[in-house]
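Chains: A, B, C and D, in written order; residue numbering restarts at 1 for each.
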Amino acid sequence: MTNRIRKIINDPVYGFITIDDPLVFQVISHPWYQRLRRIHQMAFAHLVYPGAVHTRLHHSLGAYHLMCSALTELKNKGVDITPEEETAAKVAILLHDIGHGPFSHALENVLINNTSHETISILIMRVLNEQMKGQLHKAIDIFTNNYTKPFLHQLISGQLDVDRMDYLTRDSFYTGVSEGVIGYDRILKMLTVKEGDLMVEEKGIYSIEKFLVARRLMYWQVYLHKTVLGAEKTLVKIVQRAKELIQQGHEVPAASVTFDFFLKSPTSKAFIEQHLDKFCLLDDYDVLAAIKNWVFHSDTVLSTLCRSFIERRLLKVKLQAEPFDQDWIKTQRNNICRHLKINDADCDYFIFTGEAENTTYNPTVERINILFKNETVTDISKVDNALIHQALASPVKKYYICYYNC
Amino acid sequence: MTNRIRKIINDPVYGFITIDDPLVFQVISHPWYQRLRRIHQMAFAHLVYPGAVHTRLHHSLGAYHLMCSALTELKNKGVDITPEEETAAKVAILLHDIGHGPFSHALENVLINNTSHETISILIMRVLNEQMKGQLHKAIDIFTNNYTKPFLHQLISGQLDVDRMDYLTRDSFYTGVSEGVIGYDRILKMLTVKEGDLMVEEKGIYSIEKFLVARRLMYWQVYLHKTVLGAEKTLVKIVQRAKELIQQGHEVPAASVTFDFFLKSPTSKAFIEQHLDKFCLLDDYDVLAAIKNWVFHSDTVLSTLCRSFIERRLLKVKLQAEPFDQDWIKTQRNNICRHLKINDADCDYFIFTGEAENTTYNPTVERINILFKNETVTDISKVDNALIHQALASPVKKYYICYYNC
Amino acid sequence: MTNRIRKIINDPVYGFITIDDPLVFQVISHPWYQRLRRIHQMAFAHLVYPGAVHTRLHHSLGAYHLMCSALTELKNKGVDITPEEETAAKVAILLHDIGHGPFSHALENVLINNTSHETISILIMRVLNEQMKGQLHKAIDIFTNNYTKPFLHQLISGQLDVDRMDYLTRDSFYTGVSEGVIGYDRILKMLTVKEGDLMVEEKGIYSIEKFLVARRLMYWQVYLHKTVLGAEKTLVKIVQRAKELIQQGHEVPAASVTFDFFLKSPTSKAFIEQHLDKFCLLDDYDVLAAIKNWVFHSDTVLSTLCRSFIERRLLKVKLQAEPFDQDWIKTQRNNICRHLKINDADCDYFIFTGEAENTTYNPTVERINILFKNETVTDISKVDNALIHQALASPVKKYYICYYNC
Amino acid sequence: MTNRIRKIINDPVYGFITIDDPLVFQVISHPWYQRLRRIHQMAFAHLVYPGAVHTRLHHSLGAYHLMCSALTELKNKGVDITPEEETAAKVAILLHDIGHGPFSHALENVLINNTSHETISILIMRVLNEQMKGQLHKAIDIFTNNYTKPFLHQLISGQLDVDRMDYLTRDSFYTGVSEGVIGYDRILKMLTVKEGDLMVEEKGIYSIEKFLVARRLMYWQVYLHKTVLGAEKTLVKIVQRAKELIQQGHEVPAASVTFDFFLKSPTSKAFIEQHLDKFCLLDDYDVLAAIKNWVFHSDTVLSTLCRSFIERRLLKVKLQAEPFDQDWIKTQRNNICRHLKINDADCDYFIFTGEAENTTYNPTVERINILFKNETVTDISKVDNALIHQALASPVKKYYICYYNC
């Protein structure tokens, strides 16, 4: 039993998560992975759902756990997966979100312009691969879909990947929105592989429908909840105002040198590639500590936004099917300018509109294939009596407005 | 239906928490209460149990929910409780932890010398009472046990209070340590009042035993888990080192003016009373953001401790029934000094011992009284065939040592 | 506290069910209600889902519990409901299934020809009303939809009644089909009344969609699971064979005089009305004990069917979208006749076809109305971006065949 | 993938139970195993806890599932277990309760005099072994503790066996007595083997304490609940009366030939060995259907007991620490005789006393050994600060009286 690594982690969602692979253990122990402890999985959803304070680290551990189950199920069904591929798939899912910055999606493309978290994940994985002497090669190939067995990539990033299965399960668990619960264990048991592609056995059709409906519900009820949306958009405004003031030559000290650095620099993919080590120091604490400081900043716009955020006296938000009336917006805008004694340009920080959209299932870009007993393959939206009909394939768009409530 | 306040909050533990009292709503909306969102309930237990990231706000909302249930049960049994008393008890439990500072118990009596969080809670409640025009009078009387119906205080602070019931329930839920689960709903149904005192009906004996055993388990398995203990003691060392350096005249800028202020000042109860508004700005973010900054401080002691903390390369911890061998400690200590190239005095930050203790049930200071059908009252440790025997009344003491692992 | 009735029943699904009304207590104590303990809620679903052995009594207690919650929520929203109406609604839901005979739906219209269980429920309620001196008048009016507040009836029997909410919740709980779980607590909080009719608040749309999808899943995955379907159809064949033999003058003693009586009589509504007391002696035990006896009956058809049933060597079942090929059936049929050495007519007992159908949501006969904030009312299938589309309004029909597997 | 057996069973307690061994599948399919579907796991506990209607079949499947987990854990820790031993241990646990008769423990030693269900289990296993051509040899050796690796037997029948783990878990689940929940998954992970014996790792001490406390609670709160006790003792009285009447030459037809046979015969181990096939036809349905018939029997004693049972108008029960006062009993007895117009001898059926006892942990006959890191082994009641103290080693005895409530 010597030298065997075997660590067991309690998880309220799955019971116990087991780690028994040295490379997996090495990845988890890395400071860059540990940083994910300090990034909320759901940004500011906890302002509405106080339980939703779980972290990116917990989510990626959870997705890793589901990956272990999925691989075991597939191997039991006779799918050929080598031990090396198994480790690689586990490492890849552990690192799939390593590129997330503070408050995850809420500041994506804002802190680092035009650069998705997946792009940064790959950059980080490459550096880790060097540090770990090439041990992550296969994991990177799987993650970037350059591996000969596409189903391994599809388990990480696809319509039915373990990432989605974990976040829906975990987010519904922590928010207490029990209706978002999916039958992840049954779906895992229904997975199969045909000609290299991930499929679902016929018996799993209703579970898949349920999965899509749960996801739809979670989007509109939780992720795009108007108060959550409003808080996250306000966060963006705060960061934008800080950058703007800095560009105008004002002093806007954040709470850390690291965050100062990113606020002052014109960011981009090339930039982040050069400063990856600094990026890997950044987390929610840098941003929120700065916002707490800025409550006392001399700029009214910045301090007002920050105070409303910290004291949870949030901007008012409306969400509806049609665009908002421009005249009504103008009146509100005038009131706000007068009330806060700010000029018209600055009022953009206190009243702004946007669009939120979500697609229940888009068969053209993402496919869930059902493998029937007679070996035919059919898209979930094309099976007999499909719940997931054509009308659900186009995105639902809603309009929101956030505004300071005088 | 106008003017009626009715807010429903999703809670993964209890389902839904309802707020339907204007004063309760006013208290929850106050920025000082909202601050509790930024204080972890379990400090650094999440380093071992990654799910345990819930907040003081969530805990106090949960305790409030149990208080609502307890009051309803007692009223149904004919106990006389007026609507004013009900509101007061609810407000008192909501505010029972308002005096906690960053990382709750971990820094209690460290950031503010010799001042418990309860003392600060009372100070804060008095100021809130002024702000809210005397509406909190009765809540304060209940909280300080100066009210004519002692059972209301006992529900907040006693051996069987809703505070403990919520934290055991919530902490076991979020850690995933299912064995810490207690039958809170059954205990609530077994509560009764005799001559003003809270008691438990005879039928509830086994539930109470189970409650005490679950608490015992949670202490040794979670709250005093050696890694959790080590991390929290390291946190104390970090704050002490920062204070020491400041007193020696070094620059040790934290991440916020607020935390700077408390690090530089000789704190005490009188001091905190004077600067309550500043205290109410302080939370986990101030402390952790400072620690992140100090990773790069020029003082080796401070930066080494901070780095080990942030990267989760924690001090090694041992916990045992007997004190540690002094010779062994001396050897370790010398190794550390040599390895880190620090002087002997500074080595106190890298190797230190202490004691952890917990009492399963101490009938002399805390009593759980069982009311038998024949109206006699007996302490839970004195009932026939009691599980909770005399030997469990004295505290169990364990010795720990934390040390830098060369 | 004298004379107050307060009984608490543990329920694995809801925690605790409280009974605090003397009339409710009287109804529950009645032998006819207690009979429901001996009727499986899900007939033979436990042959596939071994946990699904819960009873009609448990289901009706659960529905009663949800009724209590629903009434409390509605009263909190200002809906006018008198204490008498409350008791009546609770009694009505307790008794809504009192007319079920052995194995519930599986033998409905078989043991008692052309008489639904609702019809029998009303007959029984009338007799109980006499026994209880008219105390059930209002409950009967509500049950039969003759009461001035239609929403009370809709809570018992409608598209969103507490009957469905409990059976979906309870059946998914006991089968372990977690995907059938619905957010009953959230739905209850979203209920409202407009102009006497039950409606759902706008915020509840996604919960309702989820409810309909869960029901759809439960039908195809559980209630109409091919093995369950096959077992229940075999049960019908057994009873039919026994009746047939009796009509032909054979001796087919059941295990009880009561069941003998019903097997020998030409049943009908008028008949059952006359022999209600005998009907109320009948339960699963009469039928299954008889089947156990008939394993040893001299008639090959009866004994073979009974043995396959008791030993769980069930008829083979296929379920598909198209009707079965007649030639294939004929071949099978011949094989069976030869194998079992029975004549062609008797072979109807060993190979038979039928249709199973279920409608996800039929807006013409059942409506779920959504009440929008602007007071307009819209059917759930007509709201923007409805999941529940037109195609789901027509029933899905599947064809089954059960046959003896030579 | 051909010929591979892989069956998945939904279980509300554990999620999914997997069967992937042909011999296991063969055993489960046997009619004698299927008979366990018709035996309630908890006899008449459902009269108090309506959810507790699960079956012996479900319990033994659950224990089988835990056995699978335990074996996997032990193998992962390097314990040597061959595939044949694995199958044998699984078959042995599946069959450990096969010898239970109707209503399990309630009629043990009553229907079949002086013969425990374990004795009958072995008899049945031997016959099955013949039927299955010796495939059960190893399973029988393990079951009867004649195998060279004692830990395999200890997993089936010992202080910490999977039988207890399943019944505590399942019974608390189905009754809704959440306080009986044990951390079975953690205990399984803490199991280890030293010198052939099953032990628990040091870290598992608190889980084991919790397990013993949960069992203690379940005994007094559920298994020996006074109403449950009373119902089961009444059941015994009913069977005894029927036998008595038969011996006196009266006609007391049961509902089946099988039950008639056992009521009329002087049973014993030798007898049951001879009529094992008949025994394997007997289940709850034979007994309860007979009781339903006997409600109308001409013997007042029998019909009165049966009616009270079926209508749940049970005998009154008291349970207390001291024996009951003989004078009080005499008075009650006289009242009952007068009220029911029966003679004094028959009154024994309507008022009777007895003792119930339970031991929390008896270290002399059953041991739970803790394996410390330093390889020493200590009994759980002897570890430092043990919760499970000496006083709990002697049985707690309580006295009950059941009597007809005039």
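Rule of thumb we're sticking to: contacts are C-beta pairs under 8 Å (C-beta built on N, C-alpha and C of every residue); 3 or more make two chains touch, one makes a residue touch a chain.
Note that this is a predicted model, so its numbers are computed, not measured.
J.: Would you mind checking which chain's C-alpha centre is most distant from the centre of chain C?
T.: Max centre-to-centre separation from chain C belongs to B.
J.: What's the distance between the Cα centroids of chain A and chain C, rounded to whole Å?
T.: So the centroids are 43 Å from each other.
J.: For chain C and chain D, let me know how many angstrom lie between their CA-based centres, rounded off.
T.: 32
J.: Out of chain C, which residues touch more than one other chain, so two or more?
T.: 15-16, 177-178, 186
J.: Treating touching as the only link between chains, describe the layout with one word: line, ring, star, complete or other.
T.: complete
J.: Would you mind writing out the residues of chain A in touch with chain B in their complex?
T.: Against chain B, the touching part of chain A is residues 9-13, 15-16, 29, 31, 34, 37-38, 46-47, 49-51, 53-55, 57-58, 61, 173-178, 255-258, 281, 283, 285-286, 288-289, 292-293, 296, 310-313.
J.: Would you mind writing out the residues of chain B in touch with chain C in their complex?
T.: Spelled out, the residues of chain B in touch with chain C are 1, 6, 8, 15-16, 20, 76-78, 185-186, 189.
J.: In their complex, what parts of chain D are in touch with chain B?
T.: 177-179, 181-183, 186, 206-207, 209-210, 213-214, 216-217, 220-221, 321, 360, 384-385, 387, 389, 391-392, 396
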